[in-house]
Amino acid sequence: APAPAGGLGTAADQGPAATLRLGYFANVTHAPALVADANGYLDDALGADGTTLETQIFAAGPAAIEALNSGAIDAAYLGPSPALNSYLSSGGTSLRIIAGAASGGASLVTTKQITQVSQLAGTELATPQYGGTQDVALRSFLRDQGLSDAVTVTPSSNGTVPQLFARGSIDGAWLPEPHASLLVEKYGAHRLVDEADLWPGGRFPTTVLVASQEFIAKHPDTVRELVQANAQAVRWLNAAGQRETLDTIQSALAALGSGTLPDAVISSALEQVSFDTTPLAGTFATLVNHAAAVGIGERGSLEGLVDDSFTAKAER
Amino acid sequence: MGVLLNEVSLSYPGTGLVIDRLSAQIEDGEFIAVLGASGCGKSSLLNLIAGLLAPTGGWLEVPDDGAAFMFQDSNLLPWLTAGENVDLALKLAGQPKADRPARITRLLELVQLGHAAHKKPHELSGGMRQRVALARALAQDRQVLLMDEPFAALDAITRDLLHEQLRSLWEQTGKTIIFVTHNVREAIRLSGRILVLSSHPGRILETRRITEDLRRTPALAAALADELTAILRKEQRKHERTNSS
Amino acid sequence: MSAPTQARIRPAVPAALALRRRGRADAVIAPIITLIVLVSLWQIAAWASPLREDLFPGPAAVAAKLPELLADGSLLSAVGTSLFRALSGFAIAVLIATPAALLLAHLPLLRKGLGPLVSAMQVLPSIAWVPAAIILFGLSDATIYTVLLLGAIPSIINGLLSGIDMIPAQYSALSRVLGAGKRQHILSVQLPAALPGYVAGLRQGWAFAWRSLMAAELIAVGGSLALGVGSLLQRGRDLADLPLVMLVILVILLVGVLIELLCFAPLERKLLRDRGMTRTGENHA
Amino acid sequence: MSAPTQARIRPAVPAALALRRRGRADAVIAPIITLIVLVSLWQIAAWASPLREDLFPGPAAVAAKLPELLADGSLLSAVGTSLFRALSGFAIAVLIATPAALLLAHLPLLRKGLGPLVSAMQVLPSIAWVPAAIILFGLSDATIYTVLLLGAIPSIINGLLSGIDMIPAQYSALSRVLGAGKRQHILSVQLPAALPGYVAGLRQGWAFAWRSLMAAELIAVGGSLALGVGSLLQRGRDLADLPLVMLVILVILLVGVLIELLCFAPLERKLLRDRGMTRTGENHA
Amino acid sequence: MGVLLNEVSLSYPGTGLVIDRLSAQIEDGEFIAVLGASGCGKSSLLNLIAGLLAPTGGWLEVPDDGAAFMFQDSNLLPWLTAGENVDLALKLAGQPKADRPARITRLLELVQLGHAAHKKPHELSGGMRQRVALARALAQDRQVLLMDEPFAALDAITRDLLHEQLRSLWEQTGKTIIFVTHNVREAIRLSGRILVLSSHPGRILETRRITEDLRRTPALAAALADELTAILRKEQRKHERTNSS
């Protein structure tokens, strides 16, 4: 394992933490967190050392990063983009990626009239957030297709995109699940590009599990238990039947007060996403390069970003 | 075009009757003085005639273009200069713009304030404010002119001067003037008829016509003044007795 | 010009009494009628509109959402949480802003130095404070209160300052002549004289407090932070659940109307009556 | 009691003159000193703080960000865009709110019915309007202006209404006696009399307008829309770029201070002087 | 404990000299009346003595506990009742809470307003407001009492009554009273010395001592009144000439 790279005063191993404060989103792409929490995997794993769990629900990556930076939470499920941003802008001192959670599950959905990528010229496409994972993906896709100047990219929030699409203000959007499926199922869009097709092996990270470097240094045991619970949830997700998965996730979302999307959308979303504990470390450099190539964020060393020592142990 | 009061009563919320079935007929072109103790309802009466208050009983008849009113406090608009305060009255009376500057100057000179046209109310003395208010009331140019203690804040000399101005204005224009004063001599000197009000509630205690003869004969005037003062004093005494009993 | 005629003025009392009685009833009936009219217009617009129902839900669709939210108690508890935060935060803001404004009013140099900054802080959007507050206080109620206070305090300070600025100079002269010390002058003359302007400032301060609270509640939900109305609104937006958004808007409006009708309007009415004035649209006494 | 002694009162003129001159200089120097003090405190805090530099950037780190943003012109153009939107939107808001407030003031029933609603609308966070505005206007300037107007108008209405409520009753009597028509009464008496309260309301209205604009710019970005300060702020948060966030905050504060010093403060000073009052902390005349 | 004015001058920003090198010595326990045309600077003079204005030249000596001041406009606080307005003065003068209600009643009865203690200023007539202000000034209980036209809004009877009250209060307490009036008779009736001010700029034109003899002899008093009026009239004429030239 790489040596802790400093940060808020490096501390030696202090044994299991008294509490683990974990942040995640009430979202299909965070299914491992939902399942690990709902099925009690986290409580079981942490409970062995007397660690209690506190969870925090976020709506967006930047807020989760702010919370992680402030020490308000110790670990979080996040998109890779905010995690990379934070790591680079802190000079490699803020957090580490300790496991993967979900991959795949982002698509370019457009109106039915657009059936080929070449028809995108002159259109207006939305992404959920400027500089976010999908924003970078769309921009670099357009760049590869030579459409950078022909397409207007409009960052809007996940909630705004369906409205814009429904009133014809935009022609499509590059969205994560379940928002892409929502547009398809309820607003008559169709999937023009599945981001998985653009990546070698069809695999790219959607959600990763991160922890603050200080917490990793102080409580490696707790981190290991967290990674184990994550792995357990991923295994369950990959093993369970479609109906069972759907019900578990819908009820977990409902418990968080977010269960308002129809089953059809959720199950379509689940088909797009796969769950995997490997963080797909190889893709991060590509992500950073994509971002830098379209003028967002800065390049920098990713040395020490991924700490796969825990995954390795968990797999064992 | 006079003013007719028929059994007019007035009370404010939470007070007893302030004015009780007061009847009076004021002819067109009359110059009337109203005397009465402090708090007896003189200002309230003027407010009724100006239409600013509605009676709680009886009815009154006034010219339907309303009356010019000089308030007891000068009530100047603090963001306008003395000249602009007068100008507002002229403007709202429909005077053409071109005539107004000359009229403002004339009116302010009438009240000895030709030099203060550009001053804001807070830069004027108490008596100067009262004179601006007088100029504004004259600027309104209505047939009926109501004045609530118009000279109370003025020194004897300025007051004399303005008495003359007011008399000659009345003689020239034939306005109906109703003015409230505390000064019995002033009432005798200026008016053609004096109404004395009682207090709690306000009724007409006494009406006196002032003839030109009486006005010109100091002895007669002094006698009337004494008599009126005696009436007022008796009324006040009676009232004190009722109060303390 | 035609000769002016006489006008007869008759008692206004019976009419005034009737008006007064009607006035009282109006205070209740008028808002209800407004409500009915607005809801009807909304329903008609929803029917007439070419937009899909989920994009422009009518009153019925929104009402249908209500039982579900009431059943799991999330709506009521969110309203309760937000209202508690807003009221307690507003009270703290008043307690901080009032002496601060008095200090600025009495220390000319301080006012020159900080006055413009206070006005500028009013202009700063609440979310600007969020990153800093989170770094200082983490995900705790302290963060939410910080954002709320920073939103409300400058506005209350400015309200009281303009109230004080508008006090007639003669009151200060009076209080000097009466030999009032600084503290006595503030308590007996300055604050009561500034009160009508101050209450106007408080109303705006309350609006700022509530809006800042909504912004603060967007940051995080669940966990250590209780769910507030702001989080509910954000959830509705994230899921493009417009009936939920509308429902939350209606709830916020309801809270606003109630606070106005139960607190600010009566307070203002009393202050003005005390000084012999009336709110326009109300009958004297 | 000890026998009171005599006090000798001497001319205050030379001192007053000096004070007055110093007063003028103060108006410029005091804010600058405040600025220097605050920046120093910030720098000290940044040095002393145990937080990582990217979490609590000092003035130097923020200043270092400036050339980059100035070079590509994005900062200046964002400020220009936002300022233009805010000023034009505010002007429109004033033009709509003023007659609306007068209408409410003169139609008692309307005020009873809509008054509480107006106060409630003030409380509604701006982002609540965003979904509706987007459905109606898409990603256009119209959306931004809608959100801004809905934020600013209720506040200006309330400001003018409380200004009107505080007009002494005797001015209305005067204007009736002078025979003013309704229009003349409003223009010649009611508006000027309500002006000091109105300007206080405008200041709050401006704050609401600017904050609503920021909220609108957070959400409606990209497309044909020019980048505003609000979008820049959100971008800073999205990219975890705290120096950028701080820079934007400073720019907003600067804009706020300038608007205050160049518009509201002189306007208020003039109004109060006209009426023989002074802002506290300023020397008479 | 008197008041000493030494070459005191005053001008407002943008005006010429309002008071020009005025010197006067007012002894402890004196009762002084100040006469002068409207706008001549009487109120300004009282403001100087009260320490509300600083002179622009010269200096003055006043007791350092200040002076009680009854303003020309009544200046009541509109959110307090008549009784509370008086109470505020008592409270700020350090009167113990227990004694105050009785004193308020006594003071208000002194000005014939025992029945109006609970009324707000806007429910009072002009003269009633002035009397509340008088009660408040008396409540202050300072050695020096400044009064700016204290009886201007009162009817003759009430005024007579209050004259007596004020005289006997002065005799009992030995206060130094300086009062501004427009009424020459009132000045003669009440004061021990009369200062007549000129206008533009304000200077002392004339000082007259009033003996008890003179006060008691109507003919002498009337003669003095006429003389003072003549002086004031001459001053005003001179002024008109200077103005129009």
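Every chain is named by a letter (A, B, C, D and E) in the order it is written, and numbering of its residues begins at 1.
Just so it is clear, a contact is a pair of C-beta atoms (placed from the backbone, for glycine too) under 8 Å apart; a residue touches a chain by one contact, two chains touch by 3 or more.
Since we're looking at a predicted model, the values are computed, not measured.
> Trace the shortest chain of touching neighbours from subunit C to subunit E and give its length in steps.
The least step count works out to 1.
> Using the touch rule stated at the top, which two chains are linked by the largest number of C-beta contacts?
Pair with the most C-beta pairs in contact: C-D.
> Compute the distance, rounded to whole Å, between the mean C-alpha positions of subunit B and subunit E.
So the centre of subunit B lies 26 Å away from the centre of subunit E.
> Compute the distance, rounded to whole Å, between the mean C-alpha positions of subunit C and subunit D.
From the centre of subunit C to the centre of subunit D is 17 Å.
> What whole-Å value do you get for the distance between subunit A and subunit D if each is reduced to the mean of its CA atoms?
Measuring from centre to centre gives 40 Å for this pair.
> Could you state the distance in Å from the CA-based centre of subunit B to that of subunit D?
Going by mean C-alpha positions, subunit B sits 47 Å from subunit D.
> Mind pulling the subunit A residues that touch 2 or more other chains?
66, 69-70, 157, 159-160, 163, 166-167
> Using the touch definition from the top, which residues of subunit B touch two or more other chains?
51, 65, 73, 122-123
> Residues of subunit C that touch two or more other chains: which are they?
51, 55, 130-131, 135, 169, 218, 237, 276
> Touching pairs of chains, which are they?
Here the touching chain pairs work out to A-C, A-D, B-C, B-D, B-E, C-D, C-E, D-E.
> In the complex formed with subunit C, which residues of subunit B make contact?
Interface residues on the subunit B side: 1, 4, 13-14, 48, 51, 54-65, 122, 143.
> So in the complex, the part of subunit E that touches subunit B is made up of which residues?
Checking each residue of subunit E against subunit B gives 12, 15, 35-39, 42-43, 72-73, 114-115, 123-128, 131, 148-149, 152-159, 182-184, 229, 232-233, 236, 243.
> With touch defined as at the start, can you tell me which subunit A residues reach subunit D in the complex?
My answer: residues 7-9, 61-62, 65-66, 69-70, 82, 85-86, 89-91, 93-94, 124, 126, 129-132, 152-157, 159-160, 163-164, 166-170, 296-297.
> Tell me, which parts of subunit C touch subunit B in their complex?
Touching subunit B: residues 3-13, 16, 169, 284-285 of subunit C.
> Which residues of subunit C touch subunit E in their complex?
Interface residues on subunit C, with respect to subunit E: 170-171, 173-180, 184, 188-189, 192-193, 195, 271, 274-276.
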